[in-house]
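Here subunit A shows up in two complexes: once beside subunit B, once beside subunit C.
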Partner chain A sequence: MPSQKNQALPNSETKALKIRKKGSLTQDWVGNLFSFPALFVMVAMVVYPLIYGIVISFYNTNLINRFEFVGLRYYGRLLTDMTFYKSILLTVWFTVVTVAGRAVLALLFSSILVKDNMPCKKLFRSILVLPWFFPDVVIGIVWKWLFNTNYGLFNFILQSLHIIDQPIEWLSNPSTAMWAVIVASIWKGFPFMMVMLMAALQTVPKDLYEAAELDGCNSFKQFQHVTFPGIMPVFSTTMMLEIMWCFKHFTMIWNLTKGGPVDATRVVSIDIYKTGFEYMRFGESSTRAVIVFVIIIAFTLLQKFLQRKKD
Partner chain B sequence: MSAEAAKIEKKAEKSVVKHGKKVKRFPVVSLIIVILGSIGVLVPVYWMVITAFKPSTELFSIPPTIWPKNFTLQGFKNVIHLYDFPTYFLNSMIVVCGSTILTLVVSTLAGYAASRYNFKGKGAFLGFVLVTQMFPSVIMLIPYFRILRMYHLINTYLGLIIVYISFQTPLCTWLMYSYFKTIPKELDQAASIDGLNHWGIFWRINLPLAVPGLASTAIYSFINSWNEFQFALTLTSSERMKTVAVGIGEMLDDTNVFYSDMMAACILASIPLIIFFFFGQNLFFAGMTAGSVKE
Partner chain C sequence: MKKTVLIALAVLLSSAMLFAGGQTETASSSNAPQKLTVLTTAITQNPEGPLFEEYVAEFKEAHPGVEIELSGIPNNQALQQITTLAAGGSLPDIFVSTENTIGALYDMGITEDLTPYMSDAEMADIVDSVVAGSTIDGKFVMYPWYSGPNAVLYRTDWLEEAGVEPPKTLEEMVEVAQAITGNNRYGFGMIGTNDDSGQTRFVMILRSFGARELYQDEDGNWKTEVGTPESVKAFEYFRDLRTKYNVAPPGALENSFNENVNLMAAEQIGMLISGSNSIGKIFTQNPDLQGKLGSVEMPVGVTTFTPVSILGWSLNPESKNKDLAVEFMKFISDKDRQIRWVETTGRMPVSKDALANSDYINTPLFEGYVAASDAMQPAPQASFYPEIKTELGRTYQLLITNPNLDVEKAVKDCQAAIERIIANNK
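This part shows the complex of A and B:
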């Protein structure tokens, strides 16, 4: 608010108005100047490539010398392309399960870790945030080794506990590959949400809990009526970010399965990458990217709309 | 009336007692949950570290050895000598540090402007910052590939730095904006009465106060760029220009590489981030949460 700043300066009202007008003019100018580099970055390096990407989606091109305008042909073709629908559904499935898993773990651990009487609080917190500090590629590779059929740790543990007799081919069996990928990405991602929620939980006033207890609320009701409303703003923001991040996630899945086996983990980001850089169909690949972009925009607008309705 | 009051009092007393009990003893179930979680986190990490120190022959022993029978540094030696890991590391450092510094300059200025001034298009600007988070980054992959080719920036540090700046700027701007909002504006007024101009207020008053926010934004940007894989994979093809992420990602494609070497590479690739884990963790999370919680 610029007016706040000007309030200290004027004495008489007319003078105040004058200065405010003048002040806001100069401030306008300074604000624009300060934000210009960022604006430049976003226009030149985000908007321009984005529009360029949309343009490419109308062309049959190898990006070097062939630029053949095909109009909406790729869009039309996509409408009947079952593999594309399948990859969208897979992505939704991956996103929903991963984000839900992360949210459950984050809620569970953060609500325990914020308690004052928790022993070794700092130690446990440090251990639990550790996964967030490993690069995605590293996590992909480490989990690939853990899931290894013959020499992996997981099969060894499960076999020595006599839960399974034969080693499971986690990553090369279409029915388990997605689950393996989901587990790895929950492992990597829950700490971020946990830390955000811990910060939010610390802002919930303690006397509210006491009041709730006096009113006869059990712990579940306390969570429902005190904790959850208190952390809701942070929770929903973090959830939105997580959904966006999961929806476009590439690195861990690529390094674990490369989208296989038999396209069982071919989420949209991998689908788009393969269409472009493996089959060299760049126009089609861009078309897919544009559609995914539209879906995400629609989802965000829907979420905004629902939230406004609720408020 | 008095009976009711007594009842409430009794209830309150009961809850105090209950509370007092709670302070003394922490619920065992919660403790068990946290310990199980910690084990779940540590086992994969342990397995990575222990595999890196195993000789390659021991990888294929059934059952796997929980503790290596023969400790060896061969994995690390292979990674450094056979795979040119130092070059990858240097490439990553140049690209990541370059893009992080430039991103910080850009996003600090913009975040400050948005928190202090009311300029034309500010609402649209901030809205756009958030909208960019939704772009699936793959949508930019092909255009960037084409654009960098046009300007001969494929296989250059500058090319990757440009791409990473474009990724990091929006969220870093948002983080800095949130942090600057927590610094009281009264200071600006005092400084302006003392005769500081706009730049002075920013440079001498607000920027020093924003150092924690700056540090956590820097760590965030560093971690994200260090992690980036897809664009580095697509936009660099020569062996000389590979980043760490791409380097180890491609080791995986080579079926002749032993997992002991790979795990050693993984450990080396994690070192910069693990340094943040040990020395910048509190700072990082304090900065990340400062804006969002107070909003």
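This part shows the complex of A and C:
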């Protein structure tokens, strides 16, 4: 068929097409060559570690001199490992509450900060994004001190105000440790969402608010029918990112509790780290990581599917 | 022309990416300085860091033309870092090793046997329990630098004030702790974290009650005595220190070694099961405590147990400067430097000569540590031992946070978990 088409074309056009094709082929080749460095970096930094991680999940290995093929043994063992299921549930709990907390704070502060009549807007904006600038390790240490039973600021304030007689063991008590970690994580992470939502809020046309006001919408209705649909694309993407980050979050939890007490904060990332780097069972650790990878991929696909369906 | 330039540029860029940083030192001129790469925990610590750097400077002065490249790593991350470096083929010539990590490092085949580098006299000068703890399968795979035997460090003035003697048994330890508790002071500094610091101290109590967390039977099979009545007593004892006698400060489950050292320096706790290195840290923070601390060997239950605690160096079998590396280890660990080391850091010498000739050590302050350094016993050399210790940690934390929990049931659950770990590693 293509040859028939070419035959139908005048000679000059056929020649031009050939030249264009030849040119584009050469240009593609050169273009591909230029993309090789980026491709090389991506393969070396992303694809190779990913495949290597999957491969070693089938091995009993110390990564140096022992590579014993065990097939699906670790996957089978994981199926009956209740501690792994518990750590997955804990991770889901941590993720849901942390992301929800960040979303509420981010919505609240971004709504306030985009108001035209807000005084010292730049100052507040700068202060509120500060937690995002500090490394997780620093934030972890600061919050560990704040929560410390014996000389922490929170207990000092509560005792000074005679609200409590005995210090609260925030990080030593399994029922408060996870909440302490969640509070610190919300505080650390909400500025990113806030900045994204502020940008989104500024794109919502003002005349829509005027129209809504004329239609008799109060502030809540305006938020429900104008603001939220307006920021929805950014909001959902940010939520997706936050969920993925929180699901594999490690640093803050490790710095505050190292997964304790009594495994109360042993989320899946802590479980993977301990299995690999404390027990030196890299194969089993990779098995856990592969499962988490699959969960995150499944979640991403689901989100994309729902988004497409909605569009 | 334009096309040719474009292709040439693309090839150049790709080649640059491929070969950037990939060049290795293929040859060095004979005048090039010898270089030793050293991975150490010392430079991340105080007061150890400055003194260690002084030693390194002395070595460089004594060996002109030798370059030393130091990298620091906290002790609790050393194994992870060394494993990563070894897997990436970037292991330094010398790297830190301890009694906890040496089994795994040996298993990876990254520890040179140092026996051929040692004379009989040099071997004979090292404390026997330390030699045993540094040797695997007859190979001397860790050059010991200092030891950290655990003993009970106590406030002499508080005990005198309360009219009690340093504890010799575990029962006495509770009584002494009760006698000195009060007025915002606590008798016992509990390391209740589920990390190596907390787990090791609990193992000392467990074994003192007569139960071994892991051992090999005559056929070489791994077994546990967790689940026996002795082990139940040990868990009850540890729990009661916090929940029944209230001799340990609140927040015990978040207080690891450093937090307890801080509490002792802040004069909030009167006794601590600890290595002698805590002495240096406490005096650095609170010099007023000099003359107010003493040490006593780990109190007896039905027996007593002090695990081997050594920090030393291992030599990379791939090192191109093995002789120089061993010379460095020996230089850092000679008698005079070991004596200066203990005087500054409180960390115990491993040389018999240094132990005998240090005026600083032969005082009541080090009495318990000197006795303990001779009595150190090796911990089980099983690759899954850290996991077993984590199970113990989980159980004592569970009991402390739920004082009304059935201890026997919790200990039986712990036993089942340990047996599962053993079975998985057969």
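Operating definition for what follows: the second predicted complex is superposed on the first by the 276 of 311 C-alpha atoms of A that agree within 3 Å, B and C clash if a C-alpha of one lies under 4 Å from a C-alpha of the other, contacts with A are read in each partner's own complex, and residues count from 1 in each chain.
Note that contacts are C-beta pairs under 8 Å (C-beta built on N, C-alpha and C of every residue); 3 or more make two chains touch, one makes a residue touch a chain.
The model shown is predicted, which means the values in this text are computed figures rather than measured ones.
Chemist: Superposed on subunit A, are subunit B and subunit C clashing or fitting side by side?
Modeler: clash
Chemist: Who does A:Phe69 touch here: subunit B (first), subunit C (second), both, or neither?
Modeler: After superposing on A, A:Phe69 lies clear of both subunit B and subunit C.
Chemist: Per the contact definition in the header, classify A:Val30: touching subunit B only (first), subunit C only (second), both, or neither.
Modeler: A:Val30: touches subunit B and subunit C.
Chemist: In the superposed arrangement, which partner chain does A:Asn150 touch: subunit B (first), subunit C (second), both, or neither?
Modeler: both
Chemist: Counting only touches as set out at the top, which of subunit B and subunit C does A:Met280 meet: first, second, both, neither?
Modeler: Once the two structures are laid over each other on A, A:Met280 reaches subunit C alone.
Chemist: Considering only touches as defined above, state whether A:Trp179 meets subunit B (first), subunit C (second), both or neither.
Modeler: In the superposition, A:Trp179 contacts neither subunit B nor subunit C.
Chemist: Counting only touches as set out at the top, which of subunit B and subunit C does A:Glu169 meet: first, second, both, neither?
Modeler: second
Chemist: With both complexes overlaid on chain A, does A:Val262 touch subunit B (first), subunit C (second), both or neither?
Modeler: A:Val262: touches subunit C, not subunit B.
Chemist: Just checking: does A:Phe305 make contact with subunit B only, subunit C only, both, or neither of them? Give me first, second, both or neither.
Modeler: neither
Chemist: Taking the superposition on A as described, I'd like to know which of subunit B and subunit C A:Phe228 touches: first, second, both or neither.
Modeler: neither
Chemist: Tell me which partner touches more residues of subunit A in the superposed arrangement, subunit B or subunit C.
Modeler: Of subunit B and subunit C, the partner in contact with more residues of subunit A is B.
Chemist: Would you tell me the residues on subunit A in contact with subunit B in one complex that are also in contact with subunit C in the other?
Modeler: Residues 30, 33-34, 37, 41, 63, 148, 150, 277, which sit in both footprints.
Chemist: Where on subunit B is subunit A touching in the complex?
Modeler: Touching subunit A from subunit B are residues 8, 11-12, 15, 18-19, 22-26, 30-31, 33-35, 37-38, 40-45, 47-48, 51, 59-60, 62-64, 105-107, 109-110, 112-114, 116-120, 122, 125, 128-129, 131-147, 149, 162-163, 165-166, 169-170, 173, 185, 188-189, 192-193, 198, 202, 223, 226-227, 229-230, 234, 244-245, 248-249, 251-252, 259, 262-263, 266, 269-270, 273-274, 276-277, 281, 285, 288-289, 292-293, 295.
Chemist: Along subunit C, where are the residues that touch subunit A in the complex?
Modeler: Counting only subunit C, the residues touching subunit A are 3, 6-7, 10-11, 13-14, 16-18, 79-80, 83, 86-87, 104, 107-110, 192-195, 249-255, 263, 268, 383-384, 386-387, 390, 394, 397-398, 401, 424.
Chemist: Could you please specify the touching residues of subunit A with respect to subunit C in the complex?
Modeler: Subunit A residues touching subunit C: 26, 30, 33-34, 36-37, 40-41, 62-66, 77, 148-150, 166-167, 169, 171-174, 257-263, 274, 277-280.
Chemist: Which positions of subunit A touch subunit B when the two form their complex?
Modeler: Its residues touching subunit B are 1-2, 4-5, 8, 24, 27-35, 37-39, 41-42, 45-46, 48-50, 52-53, 56, 63, 105, 108-109, 112-113, 115-119, 124, 126-131, 133-138, 140-146, 148, 150-151, 153, 156, 160, 187, 195-196, 199-200, 203, 210, 213-214, 233-234, 237-238, 241, 244, 247-248, 250-251, 254-255, 268-269, 272-273, 276-277, 282, 285-286, 289-290, 292-293, 296-297, 300.
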